Amino acid sequence: MIHLKGISKSFNGNEVIHDLSLEIPQGKTVVLIGPSGCGKSTLLRLMVGLLWPEKGNISLFQEDLSKANVEKLRQQVGFVLQDGGLFPHMTAVQNMRLMADYLQHDPIKTEHRIAELCDLTHISADLLKRYPSELSGGQVQRVALMRALMLDPQILFLDEPLGALDPLNRVSLQEEMKTIFSQLGKTVVLVTHDMGEAASLADLIVIMQDGYLLQYDTLSKLSSHPADPFVTEFINAQRKPWQQLEDQIK
Amino acid sequence: MKNLTFYSCLFLSLLIANPVQAEAASEIRIGSKKFTESVILSEVITQHLQNNHISATHKDQLGGTRLLWKALVQGELDIYPDYTGTIIYEILQGEEISSDADIKAALARHGVSITAPLGFNNTYALGVTPSTARKYSLEKISDLRQYPELRFGFTNEFMDREDGWPSLRNHYQLPQTAVRGLDHDLAYKGLEAGSIDLIDLYSTDAEIAYYQLSILEDDESYFPDYRAVILYRTELIDHVPEIQAYLTQFGSIISETEMIKMNSDVKLEGRSEAEVAQSFLNIKFNTLSKIEVATRLDRLIATTSEHLFLVCLSLGAAILVAIPLGIWGSRNSALGQVILSIVGIIQTIPSLALLVFMIPLLGIGGPPALVALFLYSLLPIVRNTLSGLTGLSIDVQESARALGLPASARLRLIELPLAARSILAGIKTSAVINVGTATLGALIGAGGYGQPILTGIRLDDTGLILEGAIPAAVLALLVQWSFDFAERTFLSPGLQMKQESTS
Amino acid sequence: MIHLKGISKSFNGNEVIHDLSLEIPQGKTVVLIGPSGCGKSTLLRLMVGLLWPEKGNISLFQEDLSKANVEKLRQQVGFVLQDGGLFPHMTAVQNMRLMADYLQHDPIKTEHRIAELCDLTHISADLLKRYPSELSGGQVQRVALMRALMLDPQILFLDEPLGALDPLNRVSLQEEMKTIFSQLGKTVVLVTHDMGEAASLADLIVIMQDGYLLQYDTLSKLSSHPADPFVTEFINAQRKPWQQLEDQIK
Amino acid sequence: MKNLTFYSCLFLSLLIANPVQAEAASEIRIGSKKFTESVILSEVITQHLQNNHISATHKDQLGGTRLLWKALVQGELDIYPDYTGTIIYEILQGEEISSDADIKAALARHGVSITAPLGFNNTYALGVTPSTARKYSLEKISDLRQYPELRFGFTNEFMDREDGWPSLRNHYQLPQTAVRGLDHDLAYKGLEAGSIDLIDLYSTDAEIAYYQLSILEDDESYFPDYRAVILYRTELIDHVPEIQAYLTQFGSIISETEMIKMNSDVKLEGRSEAEVAQSFLNIKFNTLSKIEVATRLDRLIATTSEHLFLVCLSLGAAILVAIPLGIWGSRNSALGQVILSIVGIIQTIPSLALLVFMIPLLGIGGPPALVALFLYSLLPIVRNTLSGLTGLSIDVQESARALGLPASARLRLIELPLAARSILAGIKTSAVINVGTATLGALIGAGGYGQPILTGIRLDDTGLILEGAIPAAVLALLVQWSFDFAERTFLSPGLQMKQESTS
């Protein structure tokens, strides 16, 4: 479904992705993890042509990504940017409807879809009339997610879509998303910093370091056959504070 | 965007093709000069013709002798009142005139006829306050020779005229040097305030009685006769034969006292020229004219509609052209530089030069004024559109692209709405400048508030200047407010959020 | 150190904080937790006078907060906004130095402090020359944290300061911060969605729901004597995905 | 911000108080009119005085007879050449003049003396092409009576003068009606092209020989003599007694042929007036004058420095005042409205009215022009500052407050840098408009590019218009580019980031 072949990308002469190849099979959820600044967001941007690699090529839906077809392809994927990327001059609901209205989808179906998504994300309908600056961090993030899901795209690129959400909302959304993704056979590339989230959503995990792909496998394989001591270190990092929690709540 | 440019070009060409002024030609046109007595006389003539069912219109306050004379000879006016002295010394300047018959003959060569005098003589005179007269025991103009310290304040016209101050001084060998050019009304004020001692005046001036002035006797008979007469195009008689009879009825009909009374009614009592003419005709001919009160308000409405026409069309066209130009320029910085340079160069073309340049292409009247205004309105809008668009944050632009919106939709749905504040600021600046610049319409016959302003500047008449300048300022504010209103309506509330904390 | 008495706050007539009172003792780290939109960020904004309550009053350092003293007080606290709040026209290092330079601190000390903070957050010095738009999400967040710590303030308000950080960096920063806070006796109010983070950093926990303070106690008390079933539900929410992780990595 | 306002007020008052032009008064000032022959004659006089070690300066191309005469009488000029006919019919218009003695006496009353004629007679004449002369067998002006179809093209001056077309027509009873006012140079072109049949010319015109024109005999001796003479202030002799001797040396020195030759050297051979005068004096007096070649370039330098002075000071002051005003207005929306309204109203005041209003306060020259330009430059900057500041995102403002920065520091460190793009756009717009508007300096004696433009418009001389318009456009571009450069330097690179993807 998504093929990256020998991708390199630099900013101001500084290479941040090094000769990276990756194949994401249809219907799978792949989680990107790695230290801050290792190139996860850059990789996601490259996959939808927001950035262009110096070397290598990328294909989506068996089509090579080029400036000519990028707009058409983008309309078939959902993208959540790391900061949400809501338009400040539109209310939450206007942000969500934007593409559906632009593509002249049936307004009644759009309304239905919005109601459905509100249920999913536990957002009340009157919140949607507000402008992004009137929403809390977690609310903005959920609206951004709803916007990406709106057109029910086959491929989803999600850059820390639940990072600002509280545990309750987050876990319930994780579960809902897992169901949706597997039932509808979505291909998903998701960045997260929460290993629990990775564990519950990922079919496959990509672990990156400094612009290199360290290992690409299932979580249990990463754990049992780590390609590098760093993989083990990274996977286990959060277990200590959790243990503290367990200790304190007995 | 191509579409936008296309429509705006279309709009612009419609605008240029649109005829601005149409004249009704069959009426008899009576002109008057820019002072009260002339306006009253022309009003009397006009009403008298109208009372006798001749279609007539009064083109009032048309500048000076030379303009009226030219208009009469060229057939743009049919009738206007003047004075024998003015005819001899200004109109027929340089011809040998020694009798009324000479005048008739000379005028006839220009296709102009003259009526018998209307009765009164409105010559120049010199006036002083009673106290000045007593102090220096002044009675005659020649008495002035002994007092070189006297300060004179003369109308600018009197300072310049062939029969005015320079030759009066020569004639009487007057020694005074403290001579200032002043507005006629200011001169009375200055006399009253004691800052000048002597002024020129017309012998039928209403103010003579009002200020109880002493008139100095013209003992060496310098001032010629200024008997009022009516001039008219000779060929008028072919078209409207009865007109000669009606004009003849004015022979010796107005005495000096009557004229002074009429002037005083207008200038001191504040009655309109039309009313005064009406009651005069009522007494003399027992008619009652219908008068349309063409007040300051009427003039205001006329200039306002002309000004609005200029502003709305040129600004509208400028908005339609400048925004696409700004958008276009924002796509590519080299192109943007070129566009801004061209628009900037246009902005530096002086308006007179631009108008002069356009006369061969568009003639005079509305079209060249509109084009000039249009061109002058581009820069602020183009630049603010360009700067607003290039200043958008990368995040929202990336976000818009990530959705898969094509460039045109991004522009319409995201970029323009986000740059709207900057663009509207440009439009508001442009609109205010446009309202101010539209006064140049008067330079080229397109009317507008420039008309009273230019006349006011020329005549040094602050009232007239304000009659144009105040509505122009008000219009600028209204235009600005209407765009402020548009801003509140169109600019997304999401971009108008205010912070709560004041520190 | 920080006293809130009977605070209410509404937006557009919509009350989002209801008659809330809270006392934060000197030298303690208090963690605010609660579902998205429950008023955590609003409460933090109120504490530094970025918003003003309709009812109630707030005091910092024994001084009642008012428009007259708010600027002086703000200079004595560190604040990390939820989105970082870096100035786009300044490089990372300019953002960090801003207040120190404005207050005309010794530039050499400032340099030292910057180096110290870079060590703490694992940020390399050459990253600091970049503008915010050239940094990754986690890098921005660390720069914002460094800016807040720069002047070594006695009180710190941190709104999800580590939310966009990867597990490795996050856990190491948590540990460093814990040391700093306790050694230097900082008073800290921290918002987080990570219960592990709460467990490892918090002396006391405030759990909020819909603008109400539900319970204010130590984590073990919250667990052993929950004021409401919601408290237990909230604390335990994340344990299920963690369990999944433990399962998958054996 | 209070400080800023204070300093800008200070700056502004310095600017107003700053004297712009200082005259060197001890030199003898020789004036000339705006046509070649007059410039040559004055250049001859000036160089002759200089060769005799009298400090003299030539104020060239000063408009028409009336202006030069007034300047002479008021002592702003000391000497200028004129023609007897002009003196009688224009200057002494209305006085009884029948002899040279009368002229002397009349001029003496104005404190002006006159030299003996210089030799040549440069009267008006009517000219036709040889082929026209042949076709209609025209020899004398009275021959014209039989051909009413002939098309005449006269200079505008000849159309209006007392001794021009109207009285020529009366005198000869000419029937022609196709008479157009034309530029003198265009008239020759029109004649050559066959679009007119007859033009007026001066008998010493260089073009007569060049185009081989036939001159019609003035058989009813209508045209008076136009013998060249030199007028000078009588009191000059008290200060520089030797001057009378030098001026007398010009008596009968220039023959008609010599004058035609000199005109032809300038107009057809392209030599400068100074060179021509130099070789004339070399032949007659065997002197060799030093000539400073005041070329187009010199003029350009002079107008450029005047224009730059106007632009830099007024724009600088406007920036210093407008930015604080915009900041102030952004603090409170009601106050912002008031400020924008006032600045908008100022913008609608027509420039002439504003200048007229300022003359009593600031006189003429640089100061009123600077103040007017300053006032006209405010709006775009004030508005863009205000709109830039109010459009800042709430996030950064909140972030700045959260740090504890006081308002003034927030403004300086955060808000202004972030609004810089919008403010700079306002400044650029304002700068370009300012460069264009600064041409009004010429209306009030402040010089600048307006000088050649206004003269060019008046004389319909496209070359002259361009001599002002092109440098003005170039200056506008340079000013704009320098602000673009400032933008690249001052606007934070963080705000100039471009997106990578082009779609």
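Letters A, B, C and D name the chains as they come in the text, with residue numbers starting at 1 for each one.
We adopt the following convention: a contact is a pair of C-beta atoms (placed from the backbone, for glycine too) under 8 Å apart; a residue touches a chain by one contact, two chains touch by 3 or more.
Given the structure is predicted, the values throughout are model-derived calculations rather than measurements.
Looking at A-B and B-C side by side, the one with more C-beta contacts is A-B.
Chain A and chain C have Cα centroids lying 26 Å from one another. Between chain C and chain D the centroid-to-centroid distance comes to 70 Å (mean Cα coordinates, whole Å). Inter-chain centre distance (chain B to chain C, centres taken as mean C-alpha positions): 70 Å.
Shown for chain D are the residues in touch with two or more other chains, namely 393-395, 398, 401, 495, 497, 501, 503.
Shown for chain C are the residues in touch with two or more other chains, namely 50, 71, 83, 88, 133-134. Judged by the touch criterion defined above, the protein chains are all mutually in contact, each touching every other. The residues of chain B lying in touch with chain C in their complex are 393-395, 500-503. Only residues 395-396, 398-406, 409, 413-414, 417-418, 492-495, 497 of chain B touch chain A when the two sit together in their complex. By the touch criterion given at the top, residues 11, 33-38, 41-42, 82-83, 127, 134-139, 142, 159-160, 163-171, 174, 193-200, 219-220, 222-224, 233-242, 244-250 of chain A touch chain C in their complex. Considering their complex, residues 89, 93-95, 109, 162-163, 167, 170, 337, 340-341, 344-345, 347-350, 352-353, 356, 379-380, 383-384, 386-388, 390-391, 393-394, 397-398, 401, 407, 421-422, 424-426, 428-429, 432-433, 435-436, 439, 450, 453-454, 456-457, 460, 465, 468-469, 472-473, 475-477, 480, 484, 495, 497, 499, 501, 503 of chain D touch chain B.
Within the complex formed with chain D, the residues of chain A that make contact are 49-52, 67, 70-71, 88, 133.
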